[in-house]
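Here the structure is laid out as structure tokens; the discussion comes afterwards.
Each chain gets a letter, A, B and C, in the order it is written, and its residues are counted from 1.
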Amino acid sequence: MALTLFGVVLNRTGWVWLIAGWAALAGVAIAQPADMQMWSVKAQDRPSDAGDAVQLFWSPIAPAAEFICYIVQRAPAAEGPFETIATVVSIDTQYVDAAALTGDVYFYRVAALDSVEAGAADQTTSPADSLSAASPARTVDTIYTAVAGPVNSTAQWFNLRRLNQFLVIIILSAAIIYFISQARSGKQLYVRKIAGLQAMEEAIGRATEMGRPILFLPGIHDMDDVQTIAGLTILARVARTVAEYETTLNVPVSRSLVMTTARETIKEAYAAAGRPDSYNDNMVHYVTDEQFGYVAAVDGIMMRQKPATCLYMGAFFAESLIVAETGAEIGAIQIAGTAQPAQLPFFVAACDYTLIGEELFAASAYLSGEPRQLGSLKGQDVGKVMAMCALGLGAALLTLHSLVPGWPILANMADWVGKVFQVR
Amino acid sequence: MNVSDWLALQVAALLTLGIVSFLYKDNPIYKICESIFLGVSAGYWFTVLFWENMVPKLYENISQAGSRPYTEAGVPSLLYVVALILGIMMLLRLFPKLGWMSRWPLSVVVGATAGLWFITYMQSNALSQLRATLLPILDFQAMDAATGTGLSGWFNKYLGNLVILVGTSTGLCYFYFSKEHKGVFGGLARVGIYFLMVTFGASFGYTVMSRMSLLLGRIDFMISEWWPSLFSGWS
Amino acid sequence: MGFVLIFAFFIPHHPFDALGEDVTVFFDIVAVFAFILGGGNLLRMHGNHIYTRHKDRWFSAVTLAGFLLMLFAGLFKIGQEGWCGAVDQPGAWFNNIYTATFDPLQSTMYALLAFFVASASFRAFRAKNREATILLVAAFIVLLGRTPAGDYATDWLPDSLSIFKVSNLANWIMSVPNLAGQRAIVIGIALGVVSLSLRVILGVERSHLGTDKS
């Protein structure tokens, strides 16, 4: 067409006219209505889900400034009828249809609107008005893509987006299991001293000498909190020592299920210590589920019975300060352990010894002295080493990238390290 | 104010004063308030748990299983029979010869707790925190945007990421169980405990004012609601 | 059960995707049945005090009276119109007892924290050793930084030393070294939970269930 328009004149003036002609033709093409250019939507099953979503991607329509939004339409067949399922702002070019049913077949198309009224008028389209795949028709204010489909949503059996978390868990679990098996085979494993746990036996002995009871609080949460489980595992060790020393143990609890579990725990501990007759169900008694009602009762017990040793092991909240201060007032030796970071300062301030976070979970293994349990502590340490190595590697890569921004490989490597810890 | 509201106000004020009396020493008035609190709160929670857990989640799901085979969450309604069986097994603890059966629901609960929290803590406490701590020691590009002059500018430009990285790493060293805190490693652990002490001190200082505001709320009740009611009476 | 829930996290296919929530509901139901045991223990213990004429029998009587009254008012929805609707509707006995007794008792116990935090501060801020000194200094700066007095005391500092204005220093402490320490604690807790959970699931740790035979 250009040759016909401008002829083949290859002198300098002619080339200039030829180039100008092609430029003019390109400008005309740009100025043509956008429906003369093809734009499409891609529909696919969303990966790694329960089979309840379809992902849609489309290219942005040009010129984008003419259009205010996209509408997404869905139909059970390519011919329709299409119903509008969503309206998406013009800067977005993707959508997830989360209402798709597993196994059902769907067809999708997307329309670009340059006015809201046009969108309202086009809520449903009859088969006669539907588009052919070859050339999208243009209505007054709406541009449609070709129909995408058939697509059906299926459920997957493994969430690949969580692969990184799976691998981290496998490595960590493998380390823990490895050291447990090492310990079982007789290898001696060193575990450093933890002051609070070493003082436990001394504290129980103190109560025995003074002829006063030991108070044990397993926290105010129920058995659905792992801190409570940690507290009860420590209670088992403490109860065994208490049984051997023939001291009085008092365990007021805030949850009925914890009461049931604690009774089983102490009963077996007494039996293991060879003193099953010394066990009494009244050692563990239910108080109330209410947080401050529980602490009011515990304060009363402390002031009246004046226990020589107070052990707080589990999940505590605002009441931690009240019990710790009351225990300090009566002169009891107090050992506390919790994984609630907000309560640790109060225990540190008021108690003689505090097990900080992780030490609470290590306590039962430490107190048992059993090699298999100590082996699990070594596995925890592997996790810490992994964490510190990752931090060091990530810091080095990001610092180098900040220093030399022109090397994208550093940013990519740092990004990869970050993806290992990504949570989805 | 009607007579029942007035009486409720007086009871609330007396109970408030009774609890506060504990600060002086344990006394019979505090014991009465404590006893009321225990009884009322235990009854309150059992009632709430019954009407909000037992009835809608157990009774309604099982009794309506015929007309509604699946719950709104897509769970088969009859599956709640399993929960009923576990609950009844729990109650068998009351019978000495059958008490051993109560260990089964306990085992289910403990195992489920272990599995659920394994993932939750791994995600939110380990992986998320580690990802957030992946920082450059010195971010040369961000330094230009850092504000402040003199020492303030120096703090903002250079210290932030470095302190976070050092603090987190040495804190993890403190919790390391397999090595004694001696020598270089002991020095790192000592730096870690210093960071932990800063953390504890900051948390302590942060919560002091919020605790004070709770007391002010109670004082406000006594002064602005109870005290005037003594003179105004009921109508 | 533990292994199933761990693997269910990675399996999006139904029914594994909602297994965690289902188990939580099951736990709530089991907890209500367990409450019957707890409530029974409460009745037995305090009833025993009354029966054996314990010195605290009158307080036990008050406890039992409060428990049974609240139970009666709530389970039978006394004062409410019909059985439908929430148990704590205005005008119901349950709500009235809650408002008159439970709420003020709970609020007052919470308010006692102000006194206890003061006594804890007095005990903690004695600077017996280096760690205690660091705790004291950090707490003092953050505490002062949240008050107008702190701003007033350091307002005169020039811009080049503005980081040492108490409020700025407090903000820096909260957002940098405090954050570092919190992260170390929280990461350690996560590893501890992972280890304990594995010990429980594998049966290495069984003391909480009353059997600790190797």
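Here, a residue touches a chain if its C-beta (ideal position, glycine included) is under 8 Å from a C-beta of that chain, and two chains touch if they have at least 3 such contacts.
Values in this document were obtained by computation on a predicted structure and should not be read as measured data.
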Field: Other chains in touch with both chain A and chain B
entry: C
Query: Centre-to-centre on C-alpha atoms, which chain is most distant from chain A?
result: C
Message: Of the pairs A-C and B-C, which shows more C-beta pairs in contact?
response: B-C
Statement: chain A to chain C, mean C-alpha position gap in Å, rounds to 22
Field: Rounded Å distance, chain B centre to chain C centre (Cα mean)
entry: 3
Multi-partner residues of chain B (at least 2 other chains): 19, 22, 31, 33-34, 37-38, 41-42, 44-46, 49, 90, 93, 103, 106, 109-110, 112-114, 116-118, 121-122, 124, 126, 130, 133, 165, 168-169, 172, 175, 196, 199-201, 203-204, 207
- prompt: By residue number and range, which residues of chain C touch two or more other chains?
  reply: 6, 9, 14, 24, 27, 30-31, 34-39, 42, 102, 105-106, 109-110, 112-113, 117, 120-121, 124, 135, 139, 182, 185-189, 191, 193-194, 196-198, 200, 208-210
Field: Residues of chain A engaged with two or more neighbouring chains
entry: 165, 169, 223-224, 226, 229, 257, 260-261, 264, 287-290, 292-293, 296, 341, 344-346, 348-349, 356-359, 362, 377, 380, 383-384, 387
Message: Applying the document's contact rule, which stretches of chain B touch chain C when the two form their complex?
response: 4, 7-8, 11-13, 15-16, 19-20, 22-23, 31-51, 53-54, 57-58, 73-75, 79-80, 82-84, 86-88, 90-91, 93-94, 103, 105-119, 121-122, 124-126, 129-130, 132-133, 148-153, 155-156, 159-160, 163-172, 174-175, 192-209, 211-212, 214-215, 217-218, 221
Of all residues in chain A, those that touch chain C in their complex: 48-51, 102, 155-159, 162, 165-166, 169, 172-173, 176-177, 180, 222-224, 226, 229-230, 232-233, 235-237, 255-257, 259-261, 264-265, 267-269, 272, 282, 285-290, 292-293, 295-296, 318, 321-322, 324-325, 328, 339, 341, 344-346, 348-350, 356-362, 364-365, 368, 370, 372-373, 376-377, 379-380, 383-384, 387
Query: Can you list the residues on chain B that touch chain A in the complex?
result: 19, 22, 25-26, 30-31, 33-34, 37-38, 41-42, 44-46, 49, 90, 93, 102-103, 106, 109-110, 112-114, 116-118, 121-124, 126-128, 130-131, 133-142, 161, 165, 168-169, 172-173, 175-181, 196, 199-201, 203-204, 207
Query: chain A touches which residues of chain C in the complex?
result: 6, 9-14, 17, 24, 27, 30-31, 34-39, 41-42, 45, 102, 105-106, 109-110, 112-113, 116-117, 119-121, 123-124, 135, 139, 182, 185-189, 191-200, 202, 204-205, 207-212, 214
- line: In the complex, the residues of chain A that touch chain B are 165, 168-169, 189-193, 223-226, 229, 257, 260-261, 264, 287-290, 292-293, 296-297, 299-300, 303-304, 341-342, 344-346, 348-349, 356-359, 362, 377-378, 380-381, 383-384, 387-388, 390-392, 394-396, 398-399, 401-403, 405, 414, 417-418, 421-423
